[in-house]
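Only one structure is covered here, and it is reproduced in the block below.
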Amino acid sequence: FGGRPAEGGSGGDGPIRIGVSLPLTGDFSEPGKGVQRGYEAWAKHVNDNGGLLGRQVELTVLDDQSNADRVAADYEKLINSDRVDLVFGPFSTRLVIPAAQVARDYGFLFVEPAGAAAEVFNQGFDNLFYAAPAVAQDHYDYLAEAIIAMPEATRPQTAAYAAMDDPFAQGTANGLKEKLAKAGVRTVVDEVYPPNTTDFGSIAAKIADSRADIVVGGTQYQDAVNLIVALRQLNYQPKLAAFSTAPTNPEFPEAIGAQTEGILSPTGYTPKADYPSNKEFVDFYTREHGAAPTEDEANAWTTGQVVAAAVNASGCADPSPECQRKLIDWLHGNEVQTVVGPLKWDSAGRPQGAHLIQQYVGGEIRIVLPADAKEAELVYPKPAW
Amino acid sequence: MKGLRVAGLTKSFGGVRAVDDASVTFQHGRINALIGPNGSGKTTFFNCVTGMVKPDAGIVTYHDRDITGRGAHKIAHEGIGRSFQLCRVFPRLTAVENLLAAVRPGSIVRALAPARLKSDVDRALELLTRVGIEHLADVEARDLSYGQQKLLELAGVLMADPETILLDEPAGGVNPALIERIGVLVRELNAEGRTFLIVEHNMDVVMSLSDHVVVFDRGRPIAEGPPDVVRADPLVLAAYLGG
Amino acid sequence: MPILLCWRLTLAADLLELVDVEAGYGRAALVLRGLTVRVPPASVVCLVGPNGAGKSTVLKVASGLLAPRAGRIVLDGRDVTGRGPQSLLGAGLSHVLQGHSVFPEMTVGENVLLGAYTVRDKARVAERVDFVRTLFPVVGSRWDALAGALSGGQQKQVEFARSLMVSPRVVLLDEPSMGLDPKATATVFEQITRMRDAGTAVLLVEQNARRALEIADQGCVLDLGRVHIAGPAQALLTNPRLGDLYLGRRP
Amino acid sequence: MSLVFQSLVLGVLMGGLYALLAAGLTLYFGVMRVVMIAHSAFLVLAAYLAWTFTVHTGLDPMLSLLVTVPLFFVLGVAVQRLLVARLRPATLTMMSVLLTFAVALVVEGMLGFVFSGTHRRIPLSYSGARLELFGASVALVKLIAFGLAVVTLVGLHVLLKVTRFGQALRATMQHREAARLLGVDTDRVAGFGFGLGLATAAVGGTALALDSTIYPSLHWHWIGPLMAIIVVGGLGSVAGAAVAALLLGVGQNLLQIPLGTTWAQTFFYAALFLTLILRPQGFFGGRLAQRF
Amino acid sequence: MRSGSETFVKAAGLVALAGLVVAFPSLASDPFVLSVGVVIISYAVLATAWNFVGGFTGYISLGHAAYSGLGGYATGLLILRADVNPWVALLLGGLVVAVFAVPVGIAALRVRGASFVIVSIALVLVLLLVFQSWESVTGGSDGLRVPRPFDADVLRPEQHQRFFHLHAVLLAVMLLCWWVIDRSRFGMGLKAIREDEDKARSLGVPTVRYKLAAFVVSAFFTALGGGLYALWFGFLDPIFQFSILVGSNMVLMSLLGGVRSLFGPLVGAVVVGYATEFFKAQYGDTQMHLVAMGVLLAVVVLFLPDGIIPAVRGLFVRLRPGQASIREVTQEELAEEVRR
């Protein structure tokens, strides 16, 4: 198994080769493919517009099968065998951590589109940057503020939380829970379930039995769908229901039987945002794919933008430790304009923004928080489902 | 008292009392036969004595030591060896290996000693010669015919060097010429001082071989004594031999 | 080495004939090396021989469990070589295996009733059940027990009882008396005689050789896959050459 | 109190589904001595077929049974005749583990290839519909699944215990040669037995898909609990497995109240280990697990 | 009996193999190939460790990932929580797992055959649940980062190289142990258990103790393999540590090479490891690599049920002149012979 002889290599006028490993199969394959579409759209867009540093960019995408062992091997391969100039991150916290380790060992800049959990940032990686507005803990910040600001009479008194046992999903629910608890909203149910749970009957029974005013799901996708259906089967009608990531999925309304009205979700991205590059992105992407981009594509595109900004500012894009160091240092000191807004990071790579809050209003998912970005009024209490 | 003694042995399976309060003493150093109709509990009796099943009640002693309910391998270590009614060998081990597996390793250190010690292999070959299948030493047991497997099992039991040997129907399914050969071997070993306890339905074998016969019926002994006496016992005639 | 056929004097056509059969297992060497056996109706032909001679193999070839590599099997004048046991059973041939072949996790009753698997006539089945229950008391008394929980000899009795559920024209019996107590052995041999008297052709393999030859009409001594000596059973019994080698010393 | 009652109801419904999903395993495992790792992969396959059916025709997924049950029966016959039948009888049990593991991989891989890894759920107009029962909610879809389970299990039990085919199947598995000599067409019977097992997978998969999302690797999630059920129930006993499934389902749901989801899941394995230590033959009859 | 030339060939082969292993890191064209080498030799370690129980006793454990996972976690937790030196932690971790394996073995080895398979699967699934939810100790589903045992100035490629050799040493020790047991009375007893446990018992083999000993030795080595891997890889995620697929891989590799041969699992690991890389490169982003793996496994089970090494050996034996071992004489001739 001799690896291919090194081709391309550093510098020169050849294309800039960017290595990525993504979960194209396995548990995370769906969002993984979304990220792939985003990366590819970004590369095409860059190439159509004269490339980076005047060089074309070329993606090498490997499939890590949603497996942590594989993702490390993939970056090992990209960096050593394929001799890529730059790397982009994979999808999901679970894969980002082992991947970032490899990148760090070889001194590579590691900008990633989907490692939002707190754990990603306390591993001591100085080469890592999360290319989205907020870490998991902060996804619900605007919602927390809004709830706390409600008049005493209508403000929810009790809350039920159910979170998947996954660093990201748990992080989102915990973030909201901590803030609400501090403000006096009693936690009456706090359930954590394994990622492969398919039967939510008894979790739903607990929540329904608690008659909590609001229900919050720290969810990925399928679990939110199952949980909502199970809650409906028990005729539980909360005043407010929020779930991370799932409701933004285009298939969500159909999956839960169209009873979406009033469901909330944080999102890092909206195609309607008026950040300078966003319109360009949405137009380009819609032209290519016939549909507007979602969060996964946007995060990938953002990753591209962040790296491109560093490359342009540093004037280099090669695997040498010096160049990679320059890129990393530049990102630590600067803000980057992206499709999800201006991003800047602390020393551990945490972005310093917050997520928008969306809600299904009139059958469509709209931004309701923060006030300055809203497309519709927050509906509270939510109608029955 | 020397030898194997069983008192009040009882074993039930569900509603069936396979062995029912059986008390038997075997003549140490002799060839004992255990006969009785099908289902009278002979095999179960063997299984209880050798620790393959736990008796519900009763005491088994060997040289005055209580061995009731001990693990099968411990009872084997006491010097009691047995064969099975449906002969059992290690199918994918060769004939020699079948015998080597019966060597008792002793301490842990000795357990890690090579299995093919020359002394052991020599003894195995000698035993195979004694039962007349030395030419099959390197043949896997599953390739042997039924009778040859039977002889191999016997050799394996002997390899463990037991003082008391329990044989369950050694003649069943074996060619008459071979039966005679086994009989000769049993006598030789008995002359060396080994005690035999043989379950057998072949009356010719029982009568010609044994010194002492115990007759079982419904899980307990109904008669015992020298072969000629037992053969004439009306109880035995009624229960077993058929009048 | 003398290669004789199982010779006979009867005039009636043979019910079962194995002609020049060669057979073996898998890729291994031949077990049967050109062997001919004939079984006329209303007679018992007894096969004896040392362990591993190929006796069981003869029966397996005859009942279609094992396809011969050469030779012919003729049942009632028709060539049935290569046909499976199911079709031979339909043609009136049944085979009782050596060793233990009860269905251990089914009850004794289920085992016996399976003997009549091919019989549709319920009344007839009921009648046979009554018959075997009286013949072998254990079948009746342990009707609902799992067959695997019976003692070795009891299982053999159930097996034989199971084979009596049909009345075929040819019966192959492989050591039916193995492990049986004297009473049950007597019952089995008596049943074999009765079958013969009712016109059935019986091919019997027995290690209880003298006892078997006493009730047999013809005898064949098999060794190394060939017929060694054959002739009327009485002649074999009195043949001094066979005593020590195959039949065991006279008691 | 109402939570306990609600959980009890949910537990019974879930237990019924578990029993249905495990039914096929009992058949291969107890009757045929084959450890069928791929059973749950076929469950997922059936679920996908039901999903495809509904998405493309807009009809009720239950109607897909008309196609999938016969299809799976044929598939089962094929798996048995082409693969399982080729294993050596002496090592059948062990090797069947690996062989069916391989089959599971192939099924999962094909599902991923054809349907992608996306989580799917059958869009049903009545997915949230419910009935009220003494104050507890009973979801319609769960009730349907339970009904399917009852019908299938009763049918299977009758088939195995009473019919000629059942007798022949059990005889074939216990002593093939003897069964052939009694006139049983053993090849066919064994194939049919496997087909029957897979046919239950068709029903089970459809029932599963009514109230759960599906994805190709879902089957790994089911292997453990289903195996636990058939050991606790006593290998080979359909009735035992059904009782065990009900008890485990109820137990899991009740334990979930104090313990939470994750620890409640360990209940299955705790029951499994306890069974093996206390009563290796299972609590409700069946084969001695110790010897098997 | 063995001939001198055969011994010579074997010795030469062994030396060549050892040379190849020692030299591999310098032959590898780049750190990636080297890292694949580490993965494969780690497979070989795990498969060989599995074979202590699978090969000798015939108990098929599909859940050996339990021990590799525990070994990894034990090592990592000892370093992180007790501040133990990494290498001491590795060894201690192995011992801890060995001790843990005693009660588990006593319970699990009560059942045989397929039930044992189920128990072994259940064990991994239980551990997965425990390690996922016992967050305060295990790090829960976030996983656990294991600090590297070497200084920061040991660069990653250098690290791969060291770990390759560490694995090789462990493998060599295990192979030696396996070889010693294979030839020993203990090994003979284990094989007897594999063939017929009750019969072995009746012959005086202390089956429970023997099985347990093999089981614990296997768990110990598996844990060392898991611990070493954890030190190398640096990150433990319960989902991948306690996975049925990992355990099945050990079984597949052992079976493929041949469970009754010393080098069987090693050969199997090389084949499977290479096949995994190959299928992944070939079918990258489709699930076809699963299908390919499944087909490979099925082919092995159906056509090479004894494994590669016995199959190859069988080929050689068939080429050699046949040795007749079965005496072909009739009773009559035998009687003549005896008389003479």
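Per-chain residue numbering starts at 1, and chain names A, B, C, D and E are given in the order in which the chains are listed.
One rule holds in what follows: a contact is a pair of C-beta atoms (placed from the backbone, for glycine too) under 8 Å apart; a residue touches a chain by one contact, two chains touch by 3 or more.
No experiment lies behind these values; they were computed from the predicted model shown.
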Worksheet item: If you walk from chain to touching chain, how few steps can bring you from chain A to chain E?
Response: 1
Discussion item. Once the contact rule is applied, which chains count as partners of both chain B and chain D?
Written reply: C, E
Worksheet item: What chain lies farthest away from chain E once each centre is taken as the mean of the Cα atoms?
Response: C
Practice prompt. Look at all chain centres (mean of CA atoms) and spot the one farthest from the centre of chain B.
Written response: A
Fill in: Approximate Å spacing (C-alpha centroids) for the pair chain C, chain E
49
Discussion item. Centroid from C-alpha atoms only, then distance chain A to chain B, rounded to Å. What do you get?
Written reply: 74
Worksheet entry | Euclidean distance of C-alpha centroids - chain D vs chain E, Å | 32
Worksheet item: Once you find the CA centre of chain A and the CA centre of chain C, what distance in Å lies between them?
Response: 77
Worksheet item: If you look at chain D, which of its residues touch at least two other chains?
Response: 112, 117, 220, 260, 262, 265
Response to the item:
In chain E, the residues touching two or more other chains are 129, 132-133, 286-287, 289, 331
Worksheet item: Using the touch rule from the top of the page, what residues of chain A touch 2 or more other chains?
Response: 25, 165, 192, 194
Worksheet item: So in the complex, which bits of chain D are touching chain C?
Response: 164, 167-168, 170-171, 174-175, 177-185, 236, 287
Worksheet item: In the complex formed with chain E, which residues of chain B make contact?
Response: 50-52, 71-74, 76-77, 81-82, 84, 88-93, 97, 100-105, 110-116, 135-139, 143, 156-157, 160, 177
Discussion item. Help me check something: in the complex, which residues belonging to chain C touch chain D?
Written reply: 63, 65, 84-86, 89-90, 94-97, 101-106, 110, 113-115, 117-118, 162
Worksheet item: Which part of chain B faces chain C closely enough to touch in the complex?
Response: 13-14, 16, 36-44, 85-86, 144-148, 150, 169, 172-180, 201-204, 208, 240-242
Worksheet entry | chain B partner contacts - residues on chain E that touch it in the complex | 180-181, 183-189, 191-192, 195-196, 198-208, 325-327, 331
